[in-house]
Structures are given as C-alpha cells and as structure tokens.
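Mind having a look at this structure? Questions to follow.
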Amino acid sequence: MKSATEYFWFSTDRPRDYINITGEVDGVVRQSGIQEGMVLVSAMHITAGVYVNDAEPGIIRDIDEWADRVAPQSRLDPQGPEYHHHGTGETNGDAHLKSLLIHHQVMVPITKGALDLGPWQQIYYAEFDGQRRKRVVVKAIGE
Amino acid sequence: MKSATEYFWFSTDRPRDYINITGEVDGVVRQSGIQEGMVLVSAMHITAGVYVNDAEPGIIRDIDEWADRVAPQSRLDPQGPEYHHHGTGETNGDAHLKSLLIHHQVMVPITKGALDLGPWQQIYYAEFDGQRRKRVVVKAIGE
Amino acid sequence: MKSATEYFWFSTDRPRDYINITGEVDGVVRQSGIQEGMVLVSAMHITAGVYVNDAEPGIIRDIDEWADRVAPQSRLDPQGPEYHHHGTGETNGDAHLKSLLIHHQVMVPITKGALDLGPWQQIYYAEFDGQRRKRVVVKAIGE
C-alpha cells in the first residue's frame, strides 16, 4: 500500500469564502503514484467545510446564502438568545453549524492514477470563519 | 491491496427519486474478493446524493419533503429572487443544495467479505434532477 | 495492508445525547499498529450520527437545538400532518432526518500512528433516538 499526506493552508480575506482546491488535490494524487485508491480531503478546523459541487459562480453565491439561511449568523428569532457557544466569548456559532451542514470532508476515488470525478465535480474548501490561517489535510491511500 | 471499481447509470422517470442500490454495492464487494476494507459509493453528478437510511416508504417520502423544505425548489420568500445559478439558464439550483444537504457519498465498511451494515441500513441513490442519465461510482479497496 | 474493526455500544439516558468518542477511536488506531491510513467511524443505526466538531458544551447545545429546528420533532406547520414514517407506528421520523443532516459517519486520517485531527477536532456520537442499545463501527485500514 502507498500513501501520501499533504497539508494546505488558507487565509481568506473575507469571513466566508469558497476556494476551488481540485488542482491541489490532483497534484497530491499524481505525485503519490497511486493508481487505484482513494483520497480524503478534510478540513482540520471546526468552522470550515469541504464539499464537491459546481464551479459556477452563481451556485457558489446560492450555497453561501443557503448556508446562512439554514445556519444563520444570528438566530432566526430576533428576540431569541444568542448561540450558547457565544458564552465563551466566541462569535462564530453559525460557522460551526455551517461546517456540519456542508460537511467537513469528502472522499474522492482514484482510478488509473487520476481523480475519478464526474464532468462538473470540483472540490471546494468552504471557509465559514476566515481571515486567519486554517488548514486542510489531503491523504491518499492505494497502490 | 485489492481494488474494484464499477459505475452504475440511472435515469429516473421522475425529477426526484430514491433508489435502493444496496444490492448493486453488495455485488461489487462480493465480486472483488475483498475480505477487509471499505467501499466508497459516490454520485458523480452535482445534483444527486447517496445516503444510508431506512427502506421504509414513509420515511422516503419524509426525506423528499424535508429536502424540499430545507432546500426548496423555489426560494422560501416568494418575492425573493431566483437562485443566482438560474442566471446561467439552468433551473436546478435547489438540486445542488439538496445534494449538499443529503451529501453525495457514503463509505461502507467491508468485514468478512460482506457489507458491514446495521440491521436497517440501506444504501440509497437520491436523484434531485432526474429524467436523464446519471452515474454513481462504487470503489472498494482492501485485502 | 492492515485492518482493525471494533464495535462500540451506546445506550443513552436521554432521547438525544452527544458523546465524545475520540478516545475510543484513538484506542482502536493505536492497537491496530497502523502508521499511515484512515479510520471510518460510522453509526450502524439510521437515527444516529457521527460528526467532528468542538467539545465546548455551549456548541453541543447549539447543535442539538439547531438539529431540532432544521429537522423538528413535530412538523413545522402545527396543522400539518405527522411524518409519513409514523404511519408504521414509529414516532422517530425526526431522528432519521437529523441523522441525514448531521451525517452518520466521518473518516479520520491516520498519520504517524495517530489520529490526524486539528487542534479542536473531536469525534462525537450523536444519538437522536436513544434510551436503547445502539452501535458504532470503527474500522481502520492502512499499513
């Protein structure tokens, strides 16, 4: 069995941002020499996500607005209390929930030495509490 | 290490549909001869999902209605704009969000040569923008 | 290739509960002797989840309240019908949907013989229909 592990750091200008990392993952797989296997792409922070979807700019805006509707920055009920998490002094409760909603990781099959993705599938890093250094682990195993 | 890769095509009659693919995945695993490992079941399209849950028809209807409530075909606010994605001419913005909500893939452990699922766990392909040919990749690795 | 498989049983006092199982997963990995690989942590029931997030008590309450808002125990519309699933005599339709929302599994990379988690990442078992014995499978593969 072969394996390869790399870490990528991100520090976004905006509090929320969506970065296409398909090329980075592809690079890890190609350098690994793995022909048949799988690669795990996983955020190492609890306020970020990794997902597979379209690179079309409109859908990226839709994903951002949808995540903020389902897991809003402020509670839906304007009279309601803040997130309990904010009792710690943090202000990013919504980013934790967005990470759970979008999920923090994907697995991509490796077939004949390359990422085995569908025609429109791109791998995205989703930042929900940015403007600081955060990390993604890419780990491939196979033979 | 052994590996096996197969693709399954689906073309549903309905725009949204839910297909039990446990038998297909089981077939790939049994044919692979893998005794201990994992199998990845992953939609290759960005408007479909793969999940593990119950085969009970009522819960399948509940899942469908719930997905359409959380990621509605039309925006919740009837005065609101369309999905940005629709600026491309597409009309399936909700199907992208449903794919993220349900998630597009699962991993199933392989133990003693068989899918290591709980008593009620079944693997489903969830179509959110059907009536055309779409594909799922099943990739098993192990020994 | 090496592999290791263990099952953990849970029976929570409360209908919904969140249990930090990072230590259990770490134990499986260390005993396996695997240096480089991945470990799958997956609920074997369709009304439970496994997720990675913070051990902070406030965010756990937020996750619980959020899951019950997005996939409520009773339908959002108080005049609306019950979940279709309840036609079977079950009363846990919401727990199935919460399992889909939170997702029922995670993969954790194994690097240099240990779980390769970020500083705040902890692995949680999320019970959405408790007070009975339920099981999680932990399966590591690698070398």
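Labels for the chains are A, B and C, by order of writing; each one numbers its residues from 1.
Definition applied: contacts are C-beta pairs under 8 Å (C-beta built on N, C-alpha and C of every residue); 3 or more make two chains touch, one makes a residue touch a chain.
Everything numeric here is computed off the predicted structure, so don't read it as measured data.
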Using the contact definition from the top, classify how the chains connect: line, ring, star, complete or other.
complete
Interface check for copies chain A and chain B. Shared numbers divided by all numbers used: above half gives same, below half gives different; which is it?
different
If you average the CA atoms of chain A and of chain B, how far apart do the two points sit, in angstrom?
19
Indicate the residues of chain A shared as contacts by at least two other chains.
1, 38, 70, 101, 103, 107, 141
Which residues of chain C touch chain B in their complex?
1, 3, 5, 38, 40, 42-46, 70-71, 76, 83-88, 93, 96-97, 99-101, 103-105, 107, 135, 137, 139, 141
Sites on chain A touched by chain B in the complex:
1, 36-38, 51-54, 56-59, 61-63, 66, 69-70, 101-103, 106-109, 111, 116-121, 141-143
